[in-house]
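What follows is a set of structures for review.
Same chain, two partners: chain A is paired with chain B first, then with chain C.
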Partner chain A sequence: MSTANGNKQKGGFLAGTANYLDERVGVAGILKTFGRKVFPDHWSFMLGEVALYSFLVLLLSGTFLTFFFQPAMTPVIYDGIYGPLKGAHMSVAYASTIDISFEVRGGLLMRQVHHWAALLFVASAGLHMLRVFFTGAFRKPREINWIVGFALFVLGMAGGFTGYSLPDDLLSGNGLRIIDGMIKGVPVIGTWISSLLFGGEFPGHGIVARLYSLHIMLIPALILVFIAIHLFMVVIHKHTHYSGAGKRDDNVVGYPLAPVYVAKAGGFFFIVFGVIMLVAATFTINPVWNYGGYDPSPVSAGTQPDWYIGFLDGALRLTPSHLEVMLGNYTLSLNVLIPMVVGVLFLVVAALYPFLEAWVTGDKREHHVLDRPRNAPTRTAIGAAGVVFYAVLWAGAATDLIATNFRMSLNQVLLSLQIALIILPIAAYIITKRLALSLQRKDREIVLHGRESGRIVRLPHGEYVEVHEEIDEYTRYKLVDFVNYQPILARPNARGKITIRGRIRASMSSWFFEDRVTPVTPAELKAAHSDTKELH
Partner chain B sequence: MSDKKNGLVKPENAEFDYSAGLAKVDADKFADPGIEPHRVRMTDKSVKHEKAAARQVASLFLFSIASSIFAIWAYFGIKVYSFDLNSIRSNVLFLGLGIAFGMLGIGIGAVHWAKTLMPDAEVSEARHQTRGSEETRAAAIEVINLANEESGFSRRKLIRRSLYGALALFPIPGLVIFRDLGPNPSDTLKHTMWAPGLKLMRDPSGTPIKASDVELGSVFHVIPEGLAELGQNEATYDEMIAQKAKAAVLLVRVDPAILIEAPERKDWSYQGIVAYSKICTHVGCPVALYEQQTHHLLCPCHQSTFDLPDACKVIFGPASRPLPQLPITVDKDGYLIARSDFTEPVGPSFWDRKA
Partner chain C sequence: MKQNLKNARRSPWSAIAVILAGLILTGSGFVAATASTSAASDSPYTASQVDQGHKLFLSNCASCHGKNAEGTANAPSLYGVGAASVLFQVETGRMPGAISGPQLEVKPVQFKQSDIDAMAAWVASLAPGPSAPTAAYLAQKGDASRGGQIFRINCAMCHNAVGAGGALTGGKYAPALTHTSAAHIYEAMITGPQNMPVFSNSDLTLTDKTDIITYLQAVQTNPSIGGFDLGNLGPVVEGLFMWIFMLGGLVLLTMWLGAKSN
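Here is the complex of A and B:
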């Protein structure tokens, strides 16, 4: 209770400040609630952190760039210090990008920091999503947070693409041209959207300024809002932890926020920023001065989009010839439409996966202990198939480079990738599922018979056996702590009928859980010990 | 650990609330041995190691200070000369390295501090189900009921329904105002700058091309007469870019014997010189590569390949339509000129290109 004069605080400046803040914003309550919150520790939990920190780097470096960049397509004659372009006609946007690179000290460094951080942001967000997928962290109660994270990934790609197009150089101009061609391929409304986006015919004179508004305002604002929701939900749910001794659905095991996580996570921000800075200082990225300003006629061979757009570009390339059809007088560009639909469908299925899996398994419980990927073999196999599908599309964006670098026929590279797009995901599914089941059986074997010690002993009657070392109870618990699920059965409804929906669900469920390996029970372990010849 | 307050009864080590789902709970299950005992680190048991770790952390922070000072020096000290790109490279490199090591020193130091000197025994904290307790949910429902009653939201149908209508309509003006982002798509998409008698000019110099200058197997990047002049004037520069995006042409001379020409196109070429739109019919990249031996045109973006002697038909890649041909001839001075505009829209397909 403060008196009219406030409480006299003992201690120095820090105590005084703390008292000042507490009496005005109630900082003591906040610290009491959050100061010693427990946060689990695992290297894979850092992937999301990397994404968060690279976003902060993007905000900082991007703000610097806005002070010098001019997002206008007004033509100018270049008169800067870069000799090869002197006297060339170009847009103000391109000229100011060259000026940032050569006439603003630290400008080129900041451009490279910004571009590398963008690549890292999407990459780490993608890897974070894979971690969440393969460990089943998206299960109840985190399905909505998966959607929020998914939105962040898509916003990251959108932020990347809008930024990539801003310098108005030859490379990004051709990228925009491809986008325009794809938009025009949308039936009925494509021509309209293109005209609205470019303010008339491609390329118009407004697209850079429009992308700039999206790039520095709308998209980062949305990303910030979604990050806030994402982290708020992490606080509500508390972080998941990997299965292991002492880790349950009703507790959270790890280190306290203060001081350990303040030091680790705070330090990690500096490490992420430092590494981006190190890469930016030593590796050139997007040297736009080599490309020249945008001109619709030239194009350089072997051009590549930024990595995260690659899967869409690959989808465009892998589409077979002659798919365009006429509907009366109207043109339906299936050769452009199909890859767009495939790309979007892939993302939609990924976004909805938590709900699909929950429907198939009928699992409505809360999960806070992560699955080891081997203990959910079908999910892991589906994930592997998805990763391979994406990877083949991605490789498709480099058909020309693969062909020239490995001296192969471009036609055969493309044909192989078309076949691979169908075959490899199926193969990945089968192989991954078998691998997961084998690993589960290996776990069973280790629990039942112990670890191979490598010590060979000769028994009195001449037989040689290898000594197996029994594992300790903590290791054992990690290997047996998973649940033996049962598939859903098709049950008659109130009117005594088994619905088609019910049948589909039941067969999907038995497919999802088929071949499952059950965890070792204490009784099994006891039996294994009593009738074994192994030495321990 | 019973948590009656949250409506849950959870015996120690039991799985969470089995209200639904199909997990089979084995009665015969290994007991959770609890968190693994803490393993003592060297820094916990040896003062020497502890002091060494403390020194390492402080050294990393000092290294950071030195690096930041180095970065400031690099910014001001490494002069950037306008004629020397190497000076820019050094400035970027040393400024960047200074900042990078300034950050890495802090980051690695802080993590090292946490890992060696701060407690590393794992602790456990209770976690509750996300859903509120029964009392909380009842209280929430009470709040909603009270709000409903006080406002009459359910009772006053007229107010409620008119509000729904208002809320449904108010965003529409917000969408409508974006209408002026661009004009109606017009027929300009279907036409280019090319017109009867316009000379074929070299890109980008804008000089005319004599038929006799075009040797067998040579390729010219071509723009229409007058386009280069548009580019010289700042007021018409945008117009130049927009026109060039449709009018760019590739000019090639091949042996007339290998040309497969439709009867109606017999007079579109001149002594084996053919001109085709350079804008790919797939998604609009410039089809900039000509293979002299096979007479194929290749788009470097998505590798659509067009067979030049056979009316530029698609022989590989995702494109569907041949490149449109520009009908050409020569004028009285022997310069190549267009006979007309393209006879079909150039570039990527769009819904009403034929309509």
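Here is the complex of A and C:
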């Protein structure tokens, strides 16, 4: 500590600096509060971190790209060093993308880093959402943070798509044309919105510059704000933890942020950065120079969007194409409207699920201990059905590649996926629910009668029995610590009437909790153990 | 006055005379034209090649194409398909076809080059048709950039912008052009094999064809500049690669990090 008369400090440069900062901005207080924040340890808690770090990589590599990219659609004749395009007519945007790839030092690497990181950002955010969903981490008090995270996922998709369209090459132009078609499919306002967006008839002269503004200003700014809110709420709510001895809804068990997690998270950032760099340096992504500049007349076979838009493209492909209705002089393109509505509905249901479940359970308590997926069979089954539905739509975006690479008929692939889109989610729901219930029964069995030891003992009267080893208390804790919800009955309200709302809620509740396996109670455990003793 | 003029100009025989003259002109023109093409396509082959080709045809192809190459319910007539068709189909192994399916598959070549040439000679002798390309078209001295543009406008909707191939209806497909030789690209354009349309010299001029060949050969020989190209199949493969290897690898790493602390 320094003294009033300015004695020379002891403890060297680091301590001196720390003290200097503490006296001016109060670092010690901040570090005390944040450094002592406790985080539980589990690999699945690091998936969101992957998204955060890939976003940092996106910011860094994206800034580099803005130094050289020119978002203009002014036509030029290419005169760069790439031979197969020499003399070709193209836009300034495409030409500058080619120049970044071939003439800017490190430009191609940065483009590939940016693109791979973008794919990883949305994917890791999606995987993180799945973890949150299947462990019930969205329950009170974290419903709002689920919405914030959901907004981040959608913003990631928006950021990705606006970026995908910037190079103004044939592939992205075809993608933009599909978006234009979807917008024009919206009744009444579609044509006007398209005209507004593209500044006239597609492709117009301004779309690249407009998408660029969104891509480098509005969307990343929103993502940053939402990330800040997301992390701030994690601090407010504290982190969830998996059930175990001593882990309750009113505590967090884990290690402090400083020094354990600062070191761990810092190291993990470089691991993520390293993986992205390694892949970007060895695997090519979006080789735009192969595709040629955009020209509205050519449409390439095998045109696909990046993976996160794939489910919407798949929805378009899987919808029967003849669904057009003529209303007088107007065409209602149901073949475009249905996939849009289905895609948007899917996202809306995913966003609102926490509120739906909270309403069905009627549970107003705070939950900080995570569910094992098997202990919420209906939620897990709904999640599995959603994942399968999304996956079939996603596969739908690759129908042509599946057909050519696996030697199948395109028509048969389409038909199979159309059937799969209806059948597989239902099958996934039923199978997952049964599996979860069976696993719960297995857990019950283990708690009550112990684990099969594989040791066969012959009793004095000749009977053979397998010895079951009793499990230790810590393991038992994990197997019995879950909420035992029961179906809510529709009850008359204060005026003695059963409302429709009440009826719906009751039927939803019985759908969720009619089939259930209850956790082992202490009494059951005691009874089971006295049985075992008698047997021996 | 109008009536008078008409009467003065036309005798009843004039119409017949005009039609006759027209017929003679087009007829002799057609004869001249076909004579010149058949002469051109006949010239590269000797009579013994034609003979040998006929024998090979009878023992290998006649069961489907008919003894006189007149075609059957299973296979088309070969009159007028020219040497180019034979060279394309047999040199790529598509003919003789292994099974009847939506489309003939590429497979190992079944004949020696001299036998293929002989069969081409015999088919060419049946009726005039497209002949094998001369070396000038295959020299790849065209304008690759222009060829790319023409390729994207005319070919990319089936063969994909980088020639990676694409799906057609009912199990048919446009094959990848990543290993196709210059001669086969040319022959495919002028003969329109299987589901491919014919690109005659009035659709794509010889210069256009040369440019396309130059472009495709440039794409084939250019190394993948940004690293491994993952089959050049675009975003689907990129997405799968990212999910399986990048995110999959990172999940394994998180498990490793999580396990260390326990």
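Quick notes on this structure:
Definition applied: the second predicted complex is superposed on the first by the 518 of 536 C-alpha atoms of A that agree within 3 Å, B and C clash if a C-alpha of one lies under 4 Å from a C-alpha of the other, contacts with A are read in each partner's own complex, and residues count from 1 in each chain.
Operating definition for what follows: contacts are C-beta pairs under 8 Å (C-beta built on N, C-alpha and C of every residue); 3 or more make two chains touch, one makes a residue touch a chain.
Predicted model, so just to flag it, every value in this text is computed and none were measured.
By the touch criterion stated above, A:T404 is placed in contact with chain C alone, chain B being left untouched. In the superposition on chain A, A:G35 makes contact with neither chain B nor chain C. Of the two partner chains placed by the overlay, only chain C lies in contact with A:L120; chain B stays clear of it. Once chain A of one complex is fitted onto chain A of the other, the partner contacts of A:H368 are limited to chain B, with no touch recorded for chain C. When the two structures are aligned on the shared chain, A:P492 is found in touch with neither chain B nor chain C.
When the two complexes are overlaid on their common chain A, residue A:G26 makes contact with neither chain B nor chain C. In the superposition on chain A, A:K238 makes contact with chain B only, while chain C stays out of contact range. In the superposition on chain A, no contact is made by A:G11 with either chain B or chain C. When the shared chain is aligned, chain C comes close enough to touch A:W43, but chain B does not.
Residue overlap on chain A between the chain B contacts of one complex and the chain C contacts of the other covers 41, 83, 101-102, 108, 112, 255, 260, 264, 268, 271-272, 275, 281-282, 295, 297-303, 399-400, 410-411. Every residue of chain A that touches chain C in the complex is listed here, in rising order: 41-44, 46-47, 50, 78, 83-88, 101-102, 108, 112, 116, 119-120, 123-124, 127, 170-171, 255, 260, 264, 268, 271-272, 275-276, 279, 281-287, 289-292, 295, 297-307, 310, 397-401, 403-405, 407-412.
Considering their complex, residues 102, 143-146, 148-149, 152-153, 156-162, 164-171, 173-174, 215, 218-219, 222, 224-230, 232-243, 245-247, 249-251, 253-255, 257-259, 261-262 of chain C touch chain A. The residues of chain B lying in touch with chain A in their complex are 1, 3, 10, 13, 15-26, 28-30, 32-36, 75, 80, 82-83, 85, 88, 91-97, 99-104, 106-111, 113-115, 118-120, 122-130, 178, 181-185, 188-189, 203-204, 221, 223, 231, 234, 237-238, 241-242, 244-246, 248, 278-280, 282-286, 288-289, 300-304, 314-321, 347-355.
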